[in-house]
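In structure tokens below, several structures.
What follows is a pair of complexes built around subunit A, which joins subunit B in one and subunit C in the other.
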Partner chain A sequence: MTATQTRPPAATDRPVRPHGKTPLYKKERPLWMLLPGGILMLAVIVVPLLVGVFIAMLDLDQYTLRQWFSAPFVGFANFAEAITDSPLLHSIWISASLAVLVTAVTVPIGVAAAISTQNRFPGRGLVRSIYLIPYVLPAFVVGTFFRTMLQPQGVVNAIFHTDVLWLNGSASYWALAAVMVWTSWPFVYLLSLAGLQAVDLEVHEAASLDGATWWIKLRYVIFPYLRGPLSLAVIIAILHNINNFTLPFVLFGIPLPSSVEVMPVLTYIASFQSFRFGLSAAMAICSLVIVAIPLFVYLRAVQLDTGDDARPSRGQRRLQRQQTGAAA
Partner chain B sequence: MSAFTSSRTRPTATLTESITSQGGARRHKRPYDTDVTRLLPRWLLITVIAVIIAFIAVPVLYILFGSVNSDVAVARGEYFPTEFTLANYVNIWSTVALGTGLLNSILTAGAVAVASAALAVSTAYVLVRFRFLGRLTFLRGLLALQSIPGTLLLLPVFVVFSNIASATGVQIIGTRWGLFVTYLTFALPFSTWVMVTYLRGLPKELEEAARIDGASSTKILTKIVLPLSWPGIVVSAIFAFLLGWNDVLFSTIMTTPNTRTVAVVLQVLGTAQEGGAVPIYGQMMAASIVCAAPVVALYLVFQRYLVGGLTAGSVK
Partner chain C sequence: MKRRTLIGSAVVVALAALSLQGCAVVNGSGDDPNTLRVMMGADTTYPKERKQWQQDTAAAFKRTTGADIQWETYSSAQEELTAIQTSVISGQGPDVYAIGTTFTPTAYATGAFVEMGKKQWDAVGGKDRFDPASLGISGPSASKQIGIPLASRPFVMAVNKDLLAQAGITEMPTTWDQLTEDAKATTGDGHYGMAVAYADGFDPWKFVWGMAQNAGNTIVDGQKAEIDTKAVQDAYRTYFDWVTKDGVVDKAGIGWNNAQALAQFADGKAAFFPMTTTTAINSFKNTKVDGKYEFALLPTVPPGATERPADGIDAASILSGDNFVVADYGKKQDLSFQFVKQTTSKQAQLEYYKLFGQLPTNAAAAAELAAQEPTLKPIIDAGKLSKPTAFTGAWSDIQLSLVDVVVQSIPSLKSGEVTDDQLRKRLQDAQKDAQSTLNRQKNGGL
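Up next, the complex of A and B:
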């Protein structure tokens, strides 16, 4: 008791806890700092998402838009129409096949590019800068100049002495695929580059001592290191390609030729050209189901936290197992 | 954080080095870098680089050549310009409101960059340095929100904004503020994620020392975390800027002729050409270069940070 009485009065204001119980970083947590960003994301992403689900069940057009909550409720009729009586399934097929095709083509280009700049040589920095140019150019710019190049009288037909209508009809599918490949391969390149950094010098030495030729070394020593980063790159690339709105929109304009009627543009046309808002929302939700597959894989594979309470996700552990197993 | 910088750090004593060091001077003449770690034979390396650079350069040079060529010559399908003219760069400003578009884009995207970096750094700081209920959910939510397609949200955002307008009388659609709020929100998940990965790499000790000295969390954030995390802040600001600059989806719907961003103005230029009798392809190429120039300049200046930030944002 005497000890408490002799304590200076200022110290009694703060309760002194036995040391070690509350870590310093837990004492004052400025959780309010999460509020501005959190509220914005809630108001402009989450709330509209829910509104979108609701709109999908309304018969909403430009006349009822201002009082959208009093528009006639039609339940799942929009979904039924989207699936049975609209080009939605056709668009899903086009979007998904384009995404897979384009990603499959970009992977070898990206890996080759990463391998080609891995060793030092004079001018490597310049080559690396050039490699990223297609990725850095805004998609609307890329769309604009490829549109000019692909005109019937344009430079592509002039060079190859052909007469193909690249911006109409069935050739437009291949035109879009080619332009998408051109702009998106540097992403695979970047992630492969990150994978190549993980190869230790000792591994190179072991391969060299064993007398491996360049192809054997690439195939059995280097490629296994790229499996993890590449699976991630493939998932993200597929996701981006499915959701690509700008490139087809700029390249072909509205209305799109039917062979490149991709999902994002289809929902856009349904709402802002034909003003079938309810139908468009239903289409968007249906298409989310397709996006959800790569999205789910992505979320499982990404490491959320490297803190003390971190636990690698199942996908993460699988990637690690693959990497260590393949490297061993 | 940067994929490029880590290539510089190499193990000091290695097998090859210890072997070659017995040979004395040879070690300096032939760094192991060009030897054991070589991935491709020389001929193949040169072929791969040449093919990829040609693949990139042919379309890119086409814009450059087309922008100094006459409209008619580009329409004929010429690759190399037969006549040199800078008239396209002069005419684009009067053909469409390119200047207004540039101004709108710079104002909107610039404001988005600043605001999103500020919000991202404070949000990421709390997420990285403090433990609280719902923290992992927040992180997971960031990733999920980042992957939601814009086309899914375009219509609902439009409906919500037009309802706010009819309820309060404050017009949002068609103003720069509407675009600003939209881009800011869509930039936040990725910007925050970039900052989260960056702040994780910073040592805790400085902040703990400051806390022992009695600094508040706000003070620690402004006096210690901010000065240390400039590279990360620059990256997240630039990504936010690019999101605003490159967007076509929202800006075609949510702008009026006065608030159009440069992306929409370029589309208008494209359709103007289709209506008229004289093709203005040369001007389109010139306008494309004007639209791409700020982005390419940003990239060249901050290249090192951007590459690392992009990989960190998606890998970790």
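Up next, the complex of A and C:
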């Protein structure tokens, strides 16, 4: 047996292209069927994005709102102001740090919750339903609920016998993080549960027969199955947390304490309080670019953007190579 | 294949066109010529009364005009702004808006509302049917007005007569320093001199604005912001000292909004509730202060002074209330003016006061009410001594800057001291923001 014979078949699945001709698999593809999706994407994403970029280059405010198409063109002035003369960078830092922190806390909670309801037990359905309550409650309800509890004379201070200002000052950052954790962990739980459902019973049995302890099973059998769903959960949770508008808006009102001056609310204030639509569009675009770069790196790292879910991990590839070498 | 592709493309384009047309039809259906769209703030204090008023008003409107009213509501100032902005851009939306007086300059700046000439004033029953003071923030000048006064809510103090009597206070304070002294005298035995809400989104700037006006500082002087000044600094200092130094305000007030301060006063725990209006009357019913309180004018002599300086302004309150504005993109302006005429008639205004505790802007109704209810005299006087905030499209942003000084100072208030350096720095920031907003004004800010 040679090394070439044992390589994964993926590379050889593709039809052989006769020299100088369009391959058969490309010839008959009905690409026009992508048209509805393409048009929809154009209308829903590309056009608004382009309009956003155009608005970001206008001096659009309450005085020019009515004839917005003829508002003075200011080029990149709004972008320059957003970066150099507005709290945008501070707010990106606040939003991004909150998003990473909250996601880092929710992942173990979500995984633990999923594992806790993996085995059958009486009342499992009820427990699973209860776990979803924070996720199904509307964000403004959660915000109002916690706003009441976090008042200076509210339940939280009463329970902990503290006298902390949760809704202002530096403690507000931790209050917001805690509320975001409370609302967002069930999402990680859901995706982890979906990942766990994919683990075959035979795999559990085989591991048990091999005498694997619970930790070995968890680390080397269960977690590899969760890698895909969790990578997806992390990216969606980070995006969701970065864009969280309702919770800080309802919890703290306007103007926000500077320690929770998050990006979506800052953009909202620029638009709907200060009427600086051009500046707020520029802020949104700058934020998009700044946030998109690390996200792109992350997507590449976890290979969620390849569309090849079955692609082996680096470790698996190394193992494969070793096996191949040994066989040769 | 090409033919099939073409047919497929045509079908997709046709479907997209139909969908877009469908959107247009949906929008158009809201433009029924026999239905007037009226947008007002949601009334969380008197929801039942509001619903009843809307039903009665719509029924009367139907009898006189044959047209229906479609009520739309906004639940916050931000929602109000969003609705107006959307309508201004799209040229579609409500025909009549009831907006807060301080928002009228911003609405004026958009240029999307009917400027009231003689014909329009006549259509709503004549300009002289309104109390002249209530027209103070209808436009930048008497000849350029968009706001038709609906309700007046001048700010006053509610005073617990029993607590004042126990402290031997027989006269209402007329200077801010006297108010502080009286508050000190009434603090103790579980009572506080004042109920103040530092975390409210609106109260703080009204205090500061009032004290600054009394000292002759109008916050905005033409194109110039005047926040980083001694008068404004003194105003903030007085306001902060009540809770940090004088100890006349419950420390919990640092995290309160206006409703929570009102609750403390209604519970009989505070002698003065110095930023309230007639809408509180119904809230005080069946509480510990029912029958034991009265209203008084807010002081009009600035902090640190015993009498108002020569350039000081006798401002007892901001000119507060609601104005109607009629959209100029609508094709139902005649109906809109008929609606305004109906709701600003003498009878309708007296009914409005009875239901919601908001003072009439109709001069005849206001006079009759003053004669019937002498207890309202301080509030009616406050209405006469109300002064408008600067009529500029930049006001909304300036107001936010004034509140932000307090919001960012709350941790220091909690720790017991806002230092002069901290205050100066925050005033400088607010000054910079306000001036930058004023510098961006177009059309002279209007």
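The rule is short, and it goes like this: the second predicted complex is superposed on the first by the 242 of 328 C-alpha atoms of A that agree within 3 Å, B and C clash if a C-alpha of one lies under 4 Å from a C-alpha of the other, contacts with A are read in each partner's own complex, and residues count from 1 in each chain.
The definition used in the following text is that a contact is a pair of C-beta atoms (placed from the backbone, for glycine too) under 8 Å apart; a residue touches a chain by one contact, two chains touch by 3 or more.
Given the structure is predicted, the values throughout are model-derived calculations rather than measurements.
Novice: Just to be sure I read the superposition right, which of the two partners does A:T144 touch: subunit B = first, subunit C = second, or both, or neither?
Specialist: Once the two structures are laid over each other on A, A:T144 reaches subunit B alone.
Novice: Quick check for you: in the superposed arrangement, does A:D61 touch first (subunit B), second (subunit C), both or neither?
Specialist: second
Novice: Considering only touches as defined above, state whether A:V44 meets subunit B (first), subunit C (second), both or neither.
Specialist: first
Novice: After superposition on the shared chain, which partner residues are touched by A:M33: those of subunit B (first), subunit C (second), both, or neither?
Specialist: both
Novice: Under the stated touch criterion, which partner chain does A:S258 make contact with: subunit B (first), subunit C (second), both, or neither?
Specialist: Only subunit C is touched by A:S258; subunit B is not.
Novice: Return the chain, subunit B or subunit C, that is in touch with more residues of subunit A.
Specialist: Here the partner covering more residues of subunit A is B.
Novice: Once chain A of both complexes is superposed, is A:S116 in touch with subunit B (first), subunit C (second), both, or neither?
Specialist: The first partner, subunit B, only.
Novice: In the superposed arrangement, does A:T84 touch subunit B (first), subunit C (second), both or neither?
Specialist: A:T84 contacts neither subunit B nor subunit C.
Novice: Going by the contact rule set out at the top, does A:L167 touch subunit B (first), subunit C (second), both, or neither?
Specialist: Touch status of A:L167: second partner only.
Novice: Under the stated touch criterion, which partner chain does A:S274 make contact with: subunit B (first), subunit C (second), both, or neither?
Specialist: second
Novice: Name the residues of subunit A shared by its contacts with subunit B and its contacts with subunit C.
Specialist: Subunit A residues touching both partners: 33, 36, 43, 65-66, 68, 151, 153, 253, 268, 272.
Novice: Would you mind writing out the residues of subunit A in touch with subunit B in their complex?
Specialist: 24-31, 33-34, 36-38, 40-41, 43-49, 51-52, 55, 65-66, 68, 109, 112-113, 115-121, 127-134, 136-141, 144-149, 151, 153-155, 157-159, 182, 190-191, 193-194, 197, 200-202, 204-205, 208, 214, 217-218, 222, 229, 232, 236, 239, 242-243, 245-246, 249-250, 253, 263-264, 267-268, 271-272, 277, 280-281, 284-285, 287-288, 291, 295, 298-299, 302-307, 309
Novice: Where on subunit C is subunit A touching in the complex?
Specialist: 4-5, 8-9, 12, 16, 78, 81-82, 85, 88-89, 106, 109-112, 199, 201, 252, 254-256, 393, 396-397, 400, 403-404, 407-408, 410-411, 414, 437, 440-443
Novice: Provide the residue numbers of subunit A that touch subunit C in the complex, in ascending order.
Specialist: 32-33, 35-36, 39, 43, 59, 61-66, 68, 151-153, 165, 167-170, 253-258, 268-269, 272-276
Novice: Could you pull out which subunit B residues touch subunit A in their complex?
Specialist: Subunit B reaches subunit A through residues 3-4, 6-7, 10-11, 14-16, 32-41, 44-45, 48-49, 52-53, 55-57, 59-60, 62-63, 66, 74-79, 119-120, 122-123, 125-132, 136, 138-141, 143-145, 147-157, 159-160, 162-163, 166, 181-182, 184-186, 188-189, 192, 200, 204, 208, 211-212, 216-218, 221, 242, 245-249, 253, 263, 266-267, 270-271, 281, 284-285, 287-288, 291-292, 295-296, 299-300, 303, 307, 310-311, 314-316.
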